[in-house]
Each structure stands twice: as structure tokens, then as C-alpha cells.
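Next come two complexes, and both contain chain A; in the first it sits with chain B, in the second with chain C.
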Partner chain A sequence: MNTMTAKATPDTAAGTRESGEIRLVGVTKKFGNAYAVESIDLTIPHGSYCCLLGPSGCGKTTILRMIAGHETPTSGEIFIGEDMVVGKPPVERGTAMMFQSYALFPHLSILDNVAFYLKMRNVGKEERRGKALEMLERVQLDHLKDRMPAQLSGGQQQRVALARSLITNPKVLLLDEPLSALDEFLRLKMRGELKSLQDELGITFVHVTHTQPEAIALADMVVVMDTGRIDQADNANTIYNRPKTPYVARFMGGQNVLTGTVESNAGGAGTLKSEAGSTFEVKLNDSSATVGSKLSIAVRRDQVTIRRGDEASSVGANSIAGIVEATEYQGSYVKVTLRAEGDEFVANVSDRAFFAEPVETGDPVVATWNPEDIHVLSKVDTGGAGDSYLDGGH
Partner chain B sequence: MLPTYLQVAPLTVVLTLFFVVPVGLVVLVSFFRYQMLVGIVPDFTLKNYVDLLTNPTTWTLYQSTLKFTLIVLAITFALGFWIAYFLVFHVRNLLTAIGLFLVCTVPFWTSNIIRMISWRPVLGKEGLINSALLNTGVIDQPIEWLLYSDFSVVVAYVHLFTLFMIVPIFNSMARIDKSLLEAAVDAGASRWGVIWNVVLPLSKTGIALGALFVVTLVMGDFFVVTVMSGGLSGSATSGIFNDLQFLNYPRAAANAVILLIIVLLIAASIFRLVDVRKELVR
Partner chain C sequence: MSSASPSYGSRPWTFYVLALLFTLFVIFLYGPMLAVLVLSFQGPSASLVFPLRDPSLMWFDELFNPRRTGDVVGAFNRSLPLALVVMVLTVLISVTAGFAFRRRFKGATLIFYTAIASLIVPGLVLSIGTIVTFRYLGLSASWNTSGLGAHLSWALPFGLLIMFAVLGRLNPSYEEAAYDLGASKWQTVKEVVVPIVFPGMIAVALFGFTLSYDEFPRSWLTVGSKNTLPLEIWTMTTNVTSPALYALGTVTTIISFLVIAIALSSILFIQRKRSRGK
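Let's look at the complex of A and B:
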């Protein structure tokens, strides 16, 4: 760590190095006539680990590239610390980007790849190689310094890319799907390393990913994006447990979204009735939910219990009847997928409970939950956007 | 499955028939004797080589050929590199890039001779450039060196051969991952820094191949230099041509062998600089 701060001193780039806070104000990016990103407002606090999460084509990479300076916003302003950075080159912004393909220079040795930034600043050969070697030692690759990038494994290449980014002593590190090219084992390992690196350096990390568990495991702040817009930006726990919109609930996985019409609202204790006739008890603290209006709610998959049941007639409040479509053993729990009221409904049943009373595909079951586990969404569900994509989470 | 020797047989036959045998014959004939009125007499003599190497004209011709080669190489490289760079990194639309690329090949839709002759009305004494300059009063005497000079030879060469430089460089550049350029910018490289440190080294193969094309084309030419210089300049190959006209095949063959050796030496030095074979399988 001390070597890092020591390296900060020769830096002459403009601006103060203190704050790595990123502020996007009304940022829009159009490619031709299509909006990649539409009037985004977002503040990423200094020193936080922020994950931009969303399906492919949602604009998350465009945001990253605009922060990095590889893309110019069509309108809007981007601040890093106190400086308005639109139009400035990356080095003046104090950002460093790690590319998805790592973008190591294939004609340069590992050492010269890492030393590239110093070469561009006209640091002498001996000095820059010395510093690059220190940086390679940090990522434990100093023994490979004379290899060419093509001779390294994916994980090693990524470490080199990391070293090459960090040697610029950035206040913001931008990572474009950094773990997507790695196999499962390495991905988990590097995930842990990225997190501890960020803790150690204390600079802002912005990490683009389409993998929910990655975002939840890493981020202090998760920004969930839907086609060019931010749906919710919050800490991981809130995003996962209290999603604002049906889209976020679906995208993060782990939630079932149900929609119904408000039947009654007696001082915050309301009931919803779904189109198929099931009733759900809901705590309504918001007066806009008038009787007759539609409302969507979410319930976590692992807070649902299932039992065998025959007909909807026997179903009480806070439950839904359906037919088992699939069961999938996940080790500590069993993922039971139901077809209920024409929609998919998933219950994650603990393995002990499941095997005490196993159900099979085609069995009629009733899924039940406690009303206090219900979470009211701020938007009415209009069907999942990008549904095919949403099934990944558990 | 055919036996291995049968699989390589067709190529071997073609190469032997059209490459090894003719070159072997030329080498053989270069040691024969030439007798006025009789023609070629089988012999083993070094006379042809001694004749050539002691003749100052040979040296002058080779010197002028090498001069043209170097000048044309420099100009076609400069043009080829920037045109390829523009096509690959500045034209964002692939269709436009392909369209512009085709425009580069337009000169090749007509024959060599027409392309050369068409320079005459442009460069001639009463040609386009001279009359334009005269009419605007920039000069009051037509510029003589525009046509039938080294200048016009170089112009014709550049016109004819730049495409051979563009194509391989374009090919190399097209394979450069665009994110490498961004990574360089991210590390603080200026536009020139990116070109010098990333684009140029990664286009080496194309440059080497293009240089090889241009060198062999210019070194092997006698037609362009004769037409465009109005017979004032010659090339190494013109020496061979002259000997052939006098049916002095042995000396022509000896000259051809010398030329071949020089071209091979240049090619070898290009390949020493860039491992083209390794790069091509990349």
C-alpha cells in the first residue's frame, strides 16, 4: 500500500487527487437516433464500490465509457471530484479503465505493458521498468515480466491489466465486465481480490456486470439499469430485499412479483385480489393505493412455503395455487417452479422441508407466505422486460 | 486417403515446371558463351558476369533502379499507411470503408499502359499543370522536368504501386483490436503516441509485405521507366532487355541472376526485420 501512495507524488495530472466522487447530471447518449442512455442522474460516492448492473444493451457500458472519456455524452455533464470532465482525456480525469478483453498490447512484454503509462509520460527506461516491476510484484506476476501477453492465462492477463490500470494512480478505476472471461473458479477468486483491493486502495471502483450475484457480493452501491435508464440505485441489501420496481425485483432474481387490485384499505392494512381471485394481505403505508387501483407486490422466493393442495377453493389469503412445473436441486435448497395463475412462481424450499414432503412435476400445490414478508412495489407490473434474461438468478 | 507424396505431387510439379526449371535454365545459360552470328554456345565461362560487373553502365543502371526503389518505397509507404489508417480507424461505417477501398482500386480497372500514357496530358509541356500555372501567372516558362524525367517516373510508379502497399497494411490494421487504441489513450498516449507505440508496431507485417511487393515491382520494371522518362532513364531490367534484343541471351541471363540475387537480399533483410510467417499465422 505504501508503495502505491509513494507513486502518487510524481503525478502531475491536472486536478486534485482527493475526491473520486462521480456525478452524472442529465447525461444522455444517442447513437444515431437511438438512445443508449437517456438523461441519467447518478452520484457515486468517493471510495465506494459501485456495480452497474443490467442486461446486455441496457447502456451500462456506455455510461462507463463516458466516465472514462472514450465516449462523449450527447448532452449532460459528468463530474469527477470537483471537475467537469466532459471533453478531457482520461489521464486528466484521473480514471483508469480495465477493458473487457483486457486490451494488453500484444507486441509488448508484460513489463512494458505495465510501464506503458510511464513511457507516455517520458519516464526514463530504467525508472519506469523499476516501477512497473514493483506493480507486477503487487499482483504477484513479477516472475513472468518478460513474457508476452499471449503466453499468459486469462487470470494472469487480467492481473496484468489491473497492474497497468493501477500504475496510473487513478482516483477512479473503471472495470468493464472484468470477470466475464474467466472460468467459475477464477471468477470467484478474482472477485474476492477485487473487493479487497478496493478496500486497500480506498478509491472509487465502477464495475459493469450483467451477473446479479457478482454485483451483490461486491458492491456498496448497485445501480440496476433497464434500457438506457436507471431503475434503482441503492446498497445491495436494499436492492435485493426491497426492489422498487417489478423490473428490479425480477432482474435481481429471488423475488416473485404478484399483481392485484386493491380491495380494501383500512388504515394501512389492505387486501389485494389478483385476477384469478387469490387474495393477498398487504401493509399499505402509502395513501395513493386507493381501492380499485392496481398494485404489484414482491415476495422473496425463500420466504415461501409450499404444501400439496388441490383446488384454488381451499386456498386462503396470502397464498397462491399452482402446478409444479419443475424442481431443481441446488444443494442447500430446492428450487420449485410453479405455474400459478398463468405466471411463473418460484419457491426456494430448504432441502429438509422439501424432502420431508417432496413434490413432483405435475403436482398441484399451494404456496404460502407471511404477510409481513410482502414488499410493495412502486410500479405496477406490466410484464417483465427482457424476460428471457431474468431467469439466471436463484 | 492418398499417400503423402501424391498429395504434394501437384504443387511440386507446378513449382518445378514453372519455377525451378526456368530459373535453373537462366542460371545455366548465364554461364554459356555468346558468339556473334552463331548465337549461344554451351560452355562454362564467367565472362558474362565479368563483362557486366566491369561495365560502368551496369552500375549506373542498378544505382538508378535502387534510387527509384527507395524513393517509391518511401512515398508509397507514407501514402499507404495513412490511407489504410484512415480506412480502418476513421471510417466508422464498414460499407463506406469498403466503398472507399474499392475507389482505391479504380486505377486498376484500366491497363497499365493507359494509366501511364494518361499522365502525359497532365504533366506534358502543354499539359494541364503547366498551362494552369502559365495561365495563373505563377510561371512564365513551362516546367520542363514534369514529364520525361525522374519525377514523372516516380509519379507513375507511385500511381501504379501504392495499392500494393495499402492492401497488406489495411489487412494488418483491420486485425488490431480497437480497444488497444483506447487502452493507449487511457494510459495517456497522444494521437501520435498511439500511432507510434501501438498502430505502427502492430502493422509491421503489412508494411513488410507491402514493401516486398513494391521493391520487386520497381526492381523488375523497365517499361514504366522507359516510357515515363522518354528513354532518358533506364533500370537494371532495361539492360536485360537490350541484351535480349541483340539475342545475347547469356549476358541477359547473367544480368537476371544478379538482379535476382539483389532482390532476394532485399527480401531477406525485410524478413529479418519482421517475422512475416509468424505474424501471418497469428
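Let's look at the complex of A and C:
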């Protein structure tokens, strides 16, 4: 992408663009009686790379489409920069959207696809083709300008779609699962190119994905969604290391969620006891965790060590006993899945440590961690316990 | 199963049964057409059956310079414009109706079934109904009024069904992409939707043309005193007993094939252009 800086952005629109900050205030979208998005508040800073992350049906695409102007919120306000944009067409919003299927017009050459926006603004044929060619040079596809979309590979089609969006000189680029149609190799390559493109343009990117590594690798800001609500919006590192809720911890992967009852709380040093009797030492910053209440904690899979343990009685604090269900070699580490206290518990053991003392399916083991690696979640896990009345205390 | 000998793809007996069936089907489909084609070159013996004696073009000459046959040229001069008008109207109405049905509106299903139901009304009954209604209203039947209406009642539902299939496959993100790039509603239709569905529109045109050009039952009473081509042929079968009948069959079949060939080659041309580029 070294030709990128050589050509200036064609100032087809207002020239210099104002802020691409996106602000959603109390945005709700209902389809019939079902809430796709329920009362969302979210601010995406100008010039950031934001990933909306969640399973399918969580409402992330609906949010993107409402920002783009392809869906109208049932209630609430959407601001881009200073403007309230609800009801405005995309071009007036300063947004451009890249569709999941790319939606390149099959009857137009690549050059005319990129020039489409200028044609709609009655720019003369020579001028718009010249500008479209410049844009194609930026994505290094100028040599294919006369091809039809059907003749291009998936990666090339995506670059054309990018060029077609960028020629509108947007302050916000909206990407709907842009990498999902590509194979693994291209996906990683395009992921890098998207990131460097965003760095270079300095405009706001909003990228919808259901793939956690994609979000973590790209985003300055990750917004994790669950059935129409935002569970957590933070930078990637915080989302991954300090998930707020059991849902985020589970969805991001890489974490084990444990739940116990507070046994003691002496000036921040507390002890939890699980239903099966294991004890976990935790640092309790807030004093709301009173003795007898339930609390969920998370520990990263790669901060767990395992050893063979024959007797359950030998299990000390900050450890849990279980039976190996599966081992999966991942190259640099081995993923060891345990069944412990009725739940799944995963330890990612470095390959050196694993092969020094290998375990096999069916072996009884003890998983141990350091108490400082424990992270307290703000909600009690209701995944399996069924103590729903304890949920929502915060 | 382990004792079964390995198979290297020898064909099962059902293949031969179905191949025979297909051969019979093809013979049945094209045999009569070939018979008519061959016998239209019958010589002066004027025999209506095989064998072919002293091949000549005399019956084609008879067709265009009628002495004993009916007004074939006049009938053709009515059938062709009628078919073209039906074609244009079918395309216009089916395409616009297809767009209307893309956005679900109240009563859409009812209107759709009302439009489609005319397909199951027997053509002869519809023909009688049309003429009775025209008489009651004090209007006289003619190929370009009551005839046109009767033909549209046949061609339109087909056109509508084809347009539904074509527009149903049209990804809505094309329209959204156009909107995203600043196109107005009209520009979206003109610059994006119509070019994409154009092959489907040719198919609708083809159906509109051939359904009208070949139509007998709905023409029967509705075209008034002057016949269209299918009616003229039917009259000839009862009056004329010469191979001129076969010559007429050959000419009309060739015209139908020409129309289909033009339509299909233009669809192919568009698709090639899209997949190959300029």
C-alpha cells in the first residue's frame, strides 16, 4: 500500500471534513414487537477504529445500518459530529458503507463502479473516470479498471468496494462483516490493510464482526453486544483481560469463569468457596461483597497450570480438581479441557510444560493459579447456577 | 455389501429406460414439426400426406399470392402488431408491478392471487365472457381492443410471475449501495436495477410476444370480424385442403423461432459482456 500517500484524497465533497465522532443516545429499534436494539448509548470517538462484536442476532448490524441511514431507529438520536442525522440520506451524513456482499454493480466495469458516486452528482465522464482511476490506483487495481466485477477475486472485489466507498470522501466508513467472505489467508492480509488504511485516512471506521480475534487485532474500541444491549465498550486489552461480565468473559474466550460464596472479607482480602468446596482467594476492592453473597471471578486460560492430582483432598486454595476431557495441540501451547465441578474448565499449557508432564483424557488433574491473576466480575454468573435473583445487583 | 463386486461407474438399467423415454419425447416434440416442414415443399400433386413428390416452393407462393387460401397476409399484419403491443404492455406492467410488490403492502397477497387466477380460467370461456360483456356495453369487438385485453389477461400473469422470480433474486444491497452513493430513487431504478434485471425483462418480452402470437382460445370470439393468424390457420384447416397449410405452418414456426433466437442471443450477449468485460 505504498502508493497510498502519493495521491491526495479527491476533495469531491466539502473539502475538509469536520468531526467523525458518532454518538448514539437512547437508540431503540423494534421490528414488530421484537427489540433488535434496546435503548443504546454509545460514543465512538473521532478517528477511532471501532468493532461491534457479538453473535449473530445481537443487533450489531442493525446499529451499523442505523448509523448508515439504511434503517431508521424507532426512537433515540444519532449524532455524527454535531449533526443529528436521523432521517438524512447517507451522503449528507458523511458516511459510506461497505456491504458484506460488496454489492458491486454487476453491469458496470470496475472503473464505472468506483465512478458511480460522481456520476450521481453529474460530474462529467472524463473527470469522474479520471478521479475513479486515481482511487483505483490507491487500492492498486488500476490495471484491472476495465474488468467486470464477476471477473475479480474476492479480495480484489473488496478493494473495489473500498475504493467505491472512499471516493465519497466520508468521515465515517461503515464495514459490515467485511472479511467474512474471504479465505483465511486473505482475511489476515486484508485485516492488516484495513488497519493501515484507517491509520492513514484518520477517519472513523465502524466494523461489524462476530470474530473475536478480528476485533481484538483491529479495534481501538471493542463494543461487545448481547441480544440488543451493549455489555461492554472498552479498548481491546481491557475487554480481553478485564471483562466486566461473565458473558463478555465467555464470549471473548481465553477466560474461565468460576462462581463462589464469599466466606470472608477482611479489608479487601476475601475468600470464596465454590459449591463443590474449592476455595479461591480474591482481592475485593468494593465492599459490597458481603459475607454470604455470591461472586463470579475469571482467570485467564494461559495463567493456569495443571498437575496430576490423584486425591481430591490434596487440592489447596486457588485450585480446582477435575478430569481431563480433551487435549488439543495448538503449536505453541496445548489446550487442556477439564470437567471440573460439573463445568468446563480450560487450561492453555505451554508445549514445554505439557510435554514435560503430559496428561491424557481421563486423567485426574488439579488446575492452579496465582490469586493475583484473578479478576472479579461485576455480575454473578447465571450460566448454570440458576440463581437468577442474584443477577442484576450492579 | 462387502461381497458386492466393485463398480467403476457402469450405467444402471434405469439409465437406458429413461434414455428411451427421452428419445420418444424428443421425437414427439419435433417429429410433427419436421413432417409439416417437409410436406410444405410438396409438388403440384397437392397431396397432403407422405411421400414428398416433385419438391417445389409453389405453396409458399400460394400463401403470399392467395387464390384459394384465405387472407394470410392480412391476418399476419394484425397478429404481429398485436403481439408487439402485448409484448410492450406486458413488460411495462409486469416490471412496474414487480417493483411495487418488492415492498410489502397491505393486500399484496390478495392482489397477487387475483392477478394469477386468470391463468386457470379456460381461454374459450374467457373469450365468451369478453364478447358478452362488450356486447352488453354496446362496444364492437376488434383485435386491437377486446382482442388485446383478452391476450393481456393471458400474458400478464406469466410476465408477473417471471418478474417476481427475477426481482426475488435481486439482492437488496444493490439498491442500498446506490442509495449510499447518493443516487435518487429514480437514478437507482435507471442506473442499477433495470440494467441488472434486463435479461429478465427480455424473457418477459419473449413470453408476451409468443403467448399473444400463438393464442387461439382467447382470440376466438374477441378479435371481431378480422382473424388473427392462429384463427386464420384454423379456418384454413376446415376450408383449404392443400399443402399451403403446411407452408403457412413452416413460415409461422420460423417467425417464432426467430423471435426466440433474438431474445436468447441478446440475453447471452449481456451476460457475456458482464462476465468478460470489454
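One rule holds in what follows: the second predicted complex is superposed on the first by the 367 of 394 C-alpha atoms of A that agree within 3 Å, B and C clash if a C-alpha of one lies under 4 Å from a C-alpha of the other, contacts with A are read in each partner's own complex, and residues count from 1 in each chain.
As a convention for this text, contacts are C-beta pairs under 8 Å (C-beta built on N, C-alpha and C of every residue); 3 or more make two chains touch, one makes a residue touch a chain.
Computed from a predicted structure; not experimentally measured.
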item	value
Clash-or-fit label for the pair chain B, chain C on chain A	clash
First, second, both or neither for A:Asn265, with chain B first and chain C second	neither
Which superposed partner A:Thr168 touches (first chain B, second chain C, both, neither)	both
Touched partner set for A:Phe116, first chain B, second chain C, both or neither	both
Which superposed partner A:Gln156 touches (first chain B, second chain C, both, neither)	neither
First, second, both or neither for A:Ser319, with chain B first and chain C second	neither
Chain B versus chain C as contact partner of A:Met148, first or second or both or neither	second
Common interface positions of chain A, toward chain B and toward chain C	68-70, 89-91, 95-97, 99-101, 103, 105-107, 116-117, 119-121, 164-165, 168
Parts of chain A lying in touch with chain B, wherever the complex brings them together	68-70, 89-91, 95-97, 99-101, 103-107, 116-117, 119-121, 164-165, 168
Interface residues, chain A side, partner chain C - complex	68-70, 89-91, 95-97, 99-101, 103, 105-109, 116-117, 119-121, 146-148, 150-151, 164-165, 168
Chain C residues within the chain A interface of the complex	171, 173-174, 176-184, 187, 191-192, 195-196, 198, 270, 273-278
Sites on chain B touched by chain A in the complex	177, 179-180, 182-190, 193, 197-198, 201-202
